[in-house]
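Shared chain: subunit A. Partners: subunit B in the first complex, subunit C in the second.
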Partner chain A sequence: MKRFIPWMIFAILCVLPLIGLSTYALHILVLVIMWSIIGMGWNILGGYCGQVSFGHAAFFGMGAYTAGLLYFHLGITAWWGLLACVPVLTLTSLVIGYICLRLRGAYFALATLALGEVLRVTAENLVKFTQGDLGIMIKQRTWVDKTWYFYIILLIALGTFILVKKVIESKWGYYFVAIREDQDAAESMGINTTLYKTIALCLSGTLTGMAGAFYMNYMGYIDPTVVFPLYDISIVTVMVVMIGGVATYWGPLIGALIMVFLAEVIRSMPKIGAAHQTLFGVLLIFIIMYLPNGIGGDYRKLLRLFKPKGASS
Partner chain B sequence: MAAQVELFLQTLISGFLLGGLYALIGLGMALIMGVMKIINLAHGDLMMVAMYIAYYLFTLFQIDPYLAIFVATPLLFFFGIGLQKYLINPVMKVESILPHNQVILTVGIGMILSNLATVLFTSNYRSTPVSYASTAFYLTDYWKDAPIELSLSAPWSISFIMAVIITICLWFFLTKTDTGKSIRATAQDIDAALLMGVNVRRMRVVTFGIGAALVAGAGCLFLPIYYLYPSLGKQFTNVGFVITVLGGMGSTEGAIVGGVILGVFESMTATYLGMGWAPVGRFLIFVAALVFLPGGVASILRKQRLGK
Partner chain C sequence: MSLLEIRGVSKHFGGLAALTDVSYEVNKGEILSLIGPNGAGKTTLFNVVNGFYAPTHGEVFFKGEKVSHLKPHQICKLGMARTFQVVRPLQRMTTLDNVVASAFLRAKGKAEAREMALENLRFTGLYEDRDVVSKGLPLGKRKKLEITRALATQPEMLLLDESFAGLNPSEQNDLVEIIQKVRKRGITIMVIEHHMKVIMAISDRIVVLNYGQKIAEGNPKEIGSNPLVIEAYLGEAMDA
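What follows is the complex of A and B.
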């Protein structure tokens, strides 16, 4: 039974646009699915492999700019970005991995944090190549209707989900977890830790980049502050996974659902809208203190809260 | 040719002055890194808070930003103690899958601070128009036939000297007082310090307070020569951890040297490549430190000491 749950959810999501959702509802759904892809990507690296990244905006933005620049300079449709971002991001990840993953501890988190910032500054300053702060706009979006975008992102999400599941259930997945739990022990068991951390980074970066390339096509406009921000993308990515559940298959989807809805609700409130980052920060602190493994990881703890005392779980 | 030399020397001087201030930011971060083994990613945002305190002292009561140090530093000291005691210490006990939980926590704190500042103070750029803002010392005033002209801005020099004074005070505190020695012991080896009867929990709290106070001092020194906006913290957090890595994780001497190197390098990129590229230069130095000098400046210093 459990095996069919993903397919059932997929089927339900497939039918959803047919029952006549409003454009806004569909837009929210697209965002939820896009964020869950980014979350799944982050989860491979941060959740399973234990290498926390504070700079997934870098990968997201790289993907978006790959698509945007292909359109802008070569005049081909930005959908090619979805394919092109695979080699581009794999290469980027290899370079970053080569530099940062040889070292332990917080170095990697710091390097990724700086990376997002540097890419933003680079995109702002290479005015001839990236249009700088003007950003890149797709003059004519492929479809006015959102239904097709929804199906495309749904397919990517399905592919991502299967990929993550296959990878984590394979030998690699066990290597990743071993590295997260104890790097020395993993190394002494003969695991090439640097290699497997780099593999996790490449997978994670590429998936996030694909979400970025989709974003370019979907929104039709990007500029450096939209795709490379620290708080609005990098930290939200961390939150999506942390709220949903670190190192779980469904965590990113749950987290994305909660975060996107929360963001929409908070932003629509007249006075509080500007303070949405504060509320996110409070939520983040709350999650770290009381639900460190997220809803997916600590749901037993949550259930216990609602059960009368004395009843065993 | 003379113009080239002049430009180079001028860049070097301003880089050195900037480096002294950067060192102060890096010092606080290195102390926290040394004692708690975490990077405090809210460091720049604490500085921003201190700068707003100094700014409002200036606009409401006409208190000079340099005097505001005596108000902002203690305030931030207690603020830092509160953060450590009620937020970071409890999280150290929480069991979780994810490592670096406290680091994510500091990101959350930083996010709240910078966003609250945006809501409360709007995101306008502000500055304190002090009377001596554009005063400067010129080389030709003192040496009539100097072949080149160099200038030294007054607020920059005062800030630099104050930074040096604060650093010396910190050095005395760390080497001569009991608390300072306990902090250094905790940084060296937590278990050994515990066995020697050091109250490690209290040292953590005090260290975070001192780190926050140091960066508050840096903020007050930066106010007369820089401008102020709510999201400025991120940039200085980056500066702080680049210095920490460059200096060697948790080394205070390393942080001073690292700060000066970074200041000079950033000044050079700003002069020869353009203002906007300074963050990229910062990142390049960071990467270079990671690849060629993973132990930071501290490892070189240690080698020399052992060689003696």
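What follows is the complex of A and C.
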């Protein structure tokens, strides 16, 4: 029964556009699914392998710019970016891994944080290549309607989900978790920790980059502050997984759902709207204090809260 | 025939010489104990042999191959496994998953790794605890888990760093039994130990370190009567 749940959710999502959702509702759904892909990508590296990155905007932005630059310089459709970002992001991850993966814990997190910012500043200043702050605009988007975008991102999400599940249940998954729990112990168990951390980073970076390439196609416009920001991408990525549940299959989806809806709701509120990042911060503190495994990991605790007092067992 | 050869190994941390010119051999199939007062350099020597530290001078040979420039995972692949003084189970994994993760080194697939892990858990008597998250195991079982995990890599040589420390007498006896069973499998063992009773019971040979230098080597009887060893442990004899 349990193994059919992903397919059931996939089927429900498949028919959703057919019942005539508004363009706005569909847009929110697309964002939720896109964020769940970024979350799943981050989860491989940060959740399972324990290398917490605060710089996933670097991968997201690289993916988006791969698609955008292909369109801008070669004049081919930006959809090629989805394919092209696999080698580009693997290479980027190898370089970033070579620099950052020798660092451990908080130092790794700080290095990735810096890398995201370095790439943003680079994209802003390579004006000839990236158009700098002008950004890249796709003059004619593939579809006006959002339905096809929805199906494409849904398909990518399904592929990502299956890939992550396969990887985590294999030898790689065991090795990732072993490295998270104790890197020295893992090393002395015969695990090449450098190699497997690099693999986790490549997988994580490529998946995040694909979400970025999709974003370029979907939104039709990117500039460095849109795809490389620290708060709106890197931190939100961490929050999606933290709130949903670190190192769980469903955590990124739950987290993406909550974060995207929350962002929309808070932004639409008068006066409070501008302070959405403050509210996110408060939420994160609450989650870390009371639900350290996220909603996906600690849902039993949550259920107990809502049960009437007399009925508790 | 010697399986492990330590040849003139020194290890300096800045100005501190943790090991100075230590040489000895471990023969195939024997149990060799490494003893010495606190701070004598026993764990440092393990870390050099196991590949965590590169020696400042000297070389380590394992199965006739120079290993002192290799990384721990490469040395493990060659057939040397170790445990840690302060137990380091993979806390948020179950006992079984801990061992499966390490069995993957030799297993071809997940099914085989699981099979090997279960077999090793039965061997050390942790089979009943296989589904317990290892953080929740009592110390005695966590120490056993480390040994099981090391055995699952199918080593030819096992390094045990104070596996007996903090165990009650019945757990100690249990562990002695396991070590003797391991040896019957033909696995060479080098242990760091403080419990003299255990050392005398299990060792074929003993090497004594003091202030990073080897001060004695021999069988338990010779070591027990060696004046240098007695001095290191009990202090100099006073002239009355």
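Annotations
In this section, the second predicted complex is superposed on the first by the 306 of 313 C-alpha atoms of A that agree within 3 Å, B and C clash if a C-alpha of one lies under 4 Å from a C-alpha of the other, contacts with A are read in each partner's own complex, and residues count from 1 in each chain.
The rule we apply is simple: a residue touches a chain if its C-beta (ideal position, glycine included) is under 8 Å from a C-beta of that chain, and two chains touch if they have at least 3 such contacts.
Note that this is a predicted model, so its numbers are computed, not measured.
Legend: residue contacts after superposition of the two complexes on their common chain; A:185 is shown touching subunit C, with no touch to subunit B. Touch criterion met: A:170 reaches subunit C, while subunit B stays clear of it. By the touch criterion defined above, A:110 lies against subunit B but remains apart from subunit C after alignment on the C-alpha atoms of chain A. Once the two structures are overlaid, the count of subunit A residues touched is higher for B than for its counterpart among subunit B and subunit C. Shared-chain residue A:159: touches no atom of subunit B or subunit C. Of the two partner chains placed around the shared chain by superposition, subunit B is the only one that A:122 touches, whereas subunit C remains out of contact.
In the superposition on chain A, A:289 makes contact with subunit B only, while subunit C stays out of contact range.
Of the two partner chains placed by the overlay, only subunit C lies in contact with A:193; subunit B stays clear of it. When both complexes are overlaid on chain A, the residue A:278 reaches subunit B alone and has no touch with subunit C.
When the two structures are aligned on the shared chain, A:87 is found in touch with neither subunit B nor subunit C. Contacts of subunit A with subunit B, set against its contacts with subunit C after fitting on chain A, share not one residue. Per the touch definition, subunit A reaches subunit C in the complex via residues 169-171, 174-175, 177-178, 181-182, 184-193.
Against subunit B, in their complex, subunit A makes its touches with residues 46-47, 50, 52, 54, 99-100, 103, 105-107, 109-111, 113-115, 117-118, 121-122, 124-125, 180, 230-231, 235, 238, 242, 246-247, 274-278, 280-282, 284-285, 288-289, 292-293, 297. Chain contact summary for the complex, subunit C toward subunit A: residues 50, 52, 71-74, 76-77, 81-82, 84, 88-93, 97, 100-102, 104-105, 110, 113, 149-150, 153. On the side of subunit B, the complex with subunit A involves touching residues 37-39, 41, 87, 90-91, 94-101, 103-105, 107-109, 111-112, 114-116, 118-119, 234, 238, 241-242, 245, 249, 274, 276-277, 279-280, 282-283, 286-287, 290-291, 294.
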